[in-house]
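These are the structures in question, set out in turn.
What follows is a pair of complexes built around subunit A, which joins subunit B in one and subunit C in the other.
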Partner chain A sequence: MSQSNAHSSGELSHLADEESERRTPLIADLRLWAVIGIVALLIAPHFIYPVMIAKVLCFALFAAAFNLLLGFAGLLSFGHAAFFGFSAYVTGYCLQSLGFSAELGILAGTATGALLGLLIGALAIRRQGIYFAMITLALSQMVYFVCLQAPFTGGEDGLQGVPRQPLFGVIDMTRNINVYYLVLAIFCFGIFIIYRAVHSPFGQVLKSIRENEDRAISLGYDADRYKLLAFVLSATLAGLAGSTKVMIFQLASLTDVQWQMSGEVVLMAVLGGIGTMLGPILGATIIITLQNELAQIGSLTTIVQGAVFVVCVLLFRRGIVGELSHRWNRWRGRSDGRGGDAPRTVQES
Partner chain B sequence: MKLLRTMLLAGAATALASPALAQDGGISDDAVKIGMLLDMSGPYSALDGQGSVVAVQMAIDEMGGEIDGKKIELMTADHQNKADIGSNLARQWSDQNNVDLILGGANSGVGIALQEVTSEKNIAYINNGAASAALTNENCAPETGIHWTYDTDALANGTAVAMVKEGNDSWYFITADYAFGHKLEENAMDAVKANGGTVVGNVRAPFPTQDFSSFLLQAQGSGAKVIGLANAGTDTQNSVKQAQEFGIVQGGQKLASLLLFLTDVEALGLDASQGLTLTTGFYWDQDDMAREWSAKFEEKHGSKPTMVQAGMYSSALNYLKAVKEAGTDEAKAVVAKLKEMPIEDAFSRNGKVRADGLMVHDMFLAQVKTPDESKGNWDFYNIIRTIPGDDAFRKLEDGSCEAAKG
Partner chain C sequence: MAFFDIPLPVFMGQLLIGLINGAFYAVLSLGLALIFGLLNIVNFAHGALYMVGAFVAFLLLDILGIGYWPSLVLAPIIVGLFGIVIERLLLRPLADLDHLYGLLLTFGLALLLEGAFRHFYGVSGERYAIPDSLQGGFNLGFMFLPTYRAWVIAASLIVCIATWLLIEKTRLGATMRAAVENADLVRAFGVNVPLLVTITYGFGVALAAFAGVLAAPIYSVNPLMGSNIIIVVFAIVVIGGLGSIKGAIVSGFLLGVCEGLTRVFWPEASNIVIFVVMAIVLIVRPAGLFGKAA
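And then the complex of A and B:
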């Protein structure tokens, strides 16, 4: 609940947060779940179409990167498509025109995301709240127009038929299953980085800035530096996700840099539960699966999607994972004899 | 009996057709599977969408729902104008459903992505909605991919050449400022100049634009006889509406839209769009065959078909005929067969599929009727003249599909 008014000062709920974090009830479980999740993903391609899961993983990483900023630093960026999409173009160009191998192409795209994040972040973090969102939106629209006009992006046709260059020059990437495991490795790496960042002193400072920026500054933290660092980290990982996507679909298109994509990633994070580790992953899975499965029911696609969002907003105000872990904690609290109100928000599920 | 006939047909076809066919005869997994990927809910859903599905179903019904006892199956999906969704579904259909033909609808970005996937997976691919000439140029896949209804070259070229020949020899362009608009403008400019016309000037309007007044006033002030609109969709609708408010057509200048669909005219109304000159690949009232088919289509779908929907019907029908004749649904063999067949049906006049995958057929130069001329619903165009396919479309040797030039 505290996420929604991240910037209002004087909220005392963070005290309750701190308490719940000290108890960290789900941490042990989370590790267990992580192992189960990875094992499941390792064998999943034998049961589900691998290209589809790879796509879900890409968007899950993207949403998790976005969530790092919104959920843990309280910064609502409305321009994350710029990092995701532009990195995709750079990777596509490197693979197609410069003949880079897969890992170099992805690195180049990721570095572009970082650089772009530094530029946009340095400007945007000077303002807060809605103004921050508007600045990121404006700057990402500039990136969009560059992609629309620049000769190397192929205009509205996008970059098409990007070759799947071999990984390290030797591993054949033309097989879907190989690409899948590459994507899985990148996904785990990205999520691990986010996990480490959130559960480090750096992450603690970010959370304190989210809860009360003035107080964090008064304690001697250079809030702007922390915010910029979080922004760059988030942009880099978004870039990594975008670059990886090129390996799957062999294309980079305007869809990925359009503002609608920035909105979509907000939806993924909010639907799953912002400020949770699993939320954005679940949110991305739901949205991508909906897009893919509903595509085949005909002209009702967008209507059904809309209805799903309405239902989720009405029933899961903290996002699906946020709501579930909230209920779980309340139930636990009750069975511990601590009353229903002990942990008010849960950040660690 | 049926089996015998299939075998005989397959044998005959194998004996007759190109060497590519020799590798395998017969229809794979006992069904001819057609997958359609189009915009069912977005900006192109009116001109393409459900109407295209109805049209393809009509083609399947016309073939009796089966070919030599093998069922014809139809799958459809909404690509939501996202290249990755389209490409994902195409891959999935190929890997899991063994789809034989993919029919692609509007949106060039998705269209080209599908061309890449289908050529990699060896699936026949026919695009009807996408405008981009890249499908048969730099992104061509001549062995599996066909571009059926129209492309930017044919539209821009057709309108520009025909109008210049009628003495409308000075042009001013209002161009949507992105690659598609630039390409359309370039094509039309070349055609104008090659036929002895002059280009007085041009202006680039950002994409998308709500307010065209300054661009229209510049165009009006230029004194050009024709104002060419190198844009599409809502840009076209906005510019045409506002041109009417400025009294451009009434003032003696002509308005030429380089990409306009029947549904655009319906949305604009005849008051706003009267007098507009355009090129179209199909008009429901073009001749008896088209009228007859369009009436059946209207019964099922509730509106007259656009050129994209008619093209969908035509491409599905001819594909199925080619499968029947070739006796196999192997993509390269069927596409090779299509290239041998004359394409003549409710949609196409004097059609042939060229080596680079472009379906060259007669186009029509049309002018939007005035409200007085129109006899009612859907009576929108006067067909001024037929543009023979070879004049309308780009020449094979001028294209950049190296694989087809050989």
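And then the complex of A and C:
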């Protein structure tokens, strides 16, 4: 007892530091995780099949892009497959039929994601909440039908055997390991952009709109413009992820534009933790691993995904990372002094 | 006789298909609107429960030998009871949370149901025969009207109008409308609102199952039939607005016909025409055709 008092008084002088630490506990300290993660990912392909990790990274970027919208702007899009899949088609077409080099193909796909995001976003932000979700779902279904019938998408077959054109016209991309490092670079770039967006004045305004849109408007922020910007940014990065996928699998297919894909990315974010930086990455890793394990039986994947959804929403609304960081905060709150304990536990709900 | 160079029978045939699809859209969006009114959630599982309704009818016939007419009553009751269990066990705990959680949970349910039926019945679908009493058709002179299709349109219309009358003209309906406006106040008057909510969900779900049984002889009974239709119904609900029962019914039929007519003049666009209409409505009248301005 006296020991713990001494302990807490000894830390009094660092109270200011502690306050900021409380908001970002060690297990959620992103710089630490970034360093560990990048080092691990650099050496990982020597132990694990690189295509498998590249797939996880690709979907992690997709989920993080989705989470930018849901976690930080409070907008639930049920149509992100449209950006992911349509960009994949454009990249595939550019690489296969136009002979673009890898970086130009990916750039074209990403730009397509941005443009499509601008169109769909401008329509969807006209309504809020559940209507927003339904509109994005409906518009993405429209994109699906366009992909099904458009002449350049290969219909039911999709684009198969898309060539891995050399990067910048010189670097050989036919080797899996080279593709892996390209994907890793793209992943880090995408996550960095999201990190910067969230931790910027722009991100703060988005959060304020999420918490109370009317008040943000009354303070002079053009909420619609911010929401549209967030939507376009998210769609662009989803498009980047889709384009990257073509480089990995040399394939663009209807699976990528289907509504199930939109649901999958929602699940990744919800499972990992909405509104956290690491959550979507963890969620994507779990879901992709799960899919690989259950790959033989397609219907079983659907059942398990549905069950995970239900369990997450009922018991685990913060997601894995959100829950861990919440527990960590509470544990810290209990271990140092009782004074600051009450206000922090009030957060529980 | 021709209409814009298109033979009248072809034109009328597509119009009929449009009306039938519209009938399903209307019954489904009606159920969605009812559920949304009291529970404030968009029931993503609605399409899956429509599929379950069709499967229950199929299984009743296949296992117990119970025919179409009893199934038309039994299947909605069974699925409705299932819905009541879902509401009590899964949706009730989410009542005070953000509405998006309800959407996510019912999406998970939809995946579960679809995956389960796919696991046992595959994706090829099962045939369900038209009952003997509704075989055949009428020759209207300009086209052949199959009896069953006429019945589907009539049955849907009857159910829609009956539901509308129930909501607008009965005491129960008045209580429901009051609970939509202000649940706490209605509760203060001694009405058991939680029970009302449960019954509403059960009823909305039963409507979906009813549509499923009606659809069973037209389309094959297929685990994927629900997810294909629900997204279109969502678009219709965005067009009509969830706030109005009449709006849900009218826009359901209207857009079904609209889809049918598009199939006559520009077949490739028939899949997307409803989404295009939705986009136009969002630009011109963001609150929806029948919705109140937000």
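Assume the second predicted complex is superposed on the first by the 289 of 349 C-alpha atoms of A that agree within 3 Å, B and C clash if a C-alpha of one lies under 4 Å from a C-alpha of the other, contacts with A are read in each partner's own complex, and residues count from 1 in each chain.
What we mean here is this: a contact is a pair of C-beta atoms (placed from the backbone, for glycine too) under 8 Å apart; a residue touches a chain by one contact, two chains touch by 3 or more.
In this text the structure is predicted, and so the values were computed from the model without any measurement.
> A:Trp259 contacts which: subunit B (first), subunit C (second), both, neither?
In the superposition, A:Trp259 touches subunit C alone.
> Would you sort A:Val51 into first (subunit B), second (subunit C), both or neither based on which partner it touches?
first
> Thinking of the overlay built on chain A, is A:Leu251 touched by subunit B (first), by subunit C (second), by both, or by neither?
Touch status of A:Leu251: first partner only.
> Which partner does A:Ile36 reach: the first (subunit B), the second (subunit C), both, or neither?
A:Ile36: touches no partner chain.
> In the overlaid three-chain picture, which partner chain does A:Gln149 touch, first (subunit B) or second (subunit C), both, or neither?
In the superposition, A:Gln149 touches subunit B and subunit C alike.
> Quick check for you: in the superposed arrangement, does A:Asp157 touch first (subunit B), second (subunit C), both or neither?
After superposition on chain A, A:Asp157 lies in contact with subunit B alone.
> Would you mind checking which one, subunit B or subunit C, touches more residues on subunit A?
C
> For A:Thr302, is the partner it touches subunit B (first), subunit C (second), both, or none of the two (neither)?
A:Thr302 contacts both subunit B and subunit C.
> Touch test for A:Leu314: subunit B only (first), subunit C only (second), both, or neither?
In the superposition, A:Leu314 contacts subunit C only.
> Where on subunit A do the contacts from subunit B and from subunit C line up?
Correct list for subunit A: 148-149, 298-303.
> Which residues of subunit A touch subunit C in the complex?
Counting only subunit A, the residues touching subunit C are 76, 123, 126-131, 133-135, 137-139, 141-142, 145-146, 148-149, 259, 263, 266, 270, 297-310, 312-314, 317.
> Would you mind writing out the residues of subunit B in touch with subunit A in their complex?
For subunit B paired with subunit A, touching residues are 40-42, 45, 49-50, 53, 75-85, 87-89, 91-92, 95-96, 108-109, 112-113, 115-116, 132, 134, 139, 177-180, 182, 207.
> Under the touch definition given earlier, write down the residues of subunit C that touch subunit A in their complex.
So the residues of subunit C in touch with subunit A come to 41-42, 90, 93-94, 97, 99-101, 103-105, 107-116, 118-119, 227, 231-232, 234-235, 237-238, 268, 271-272, 274-276, 278-279, 282-283, 286, 294.
> Spell out the residues on subunit A that touch subunit B in their complex, using ranges where they run on.
That would be residues 49, 51-52, 55, 148-149, 154-158, 160-161, 176, 245, 249-251, 253-256, 291-292, 294-296, 298-303 of subunit A.
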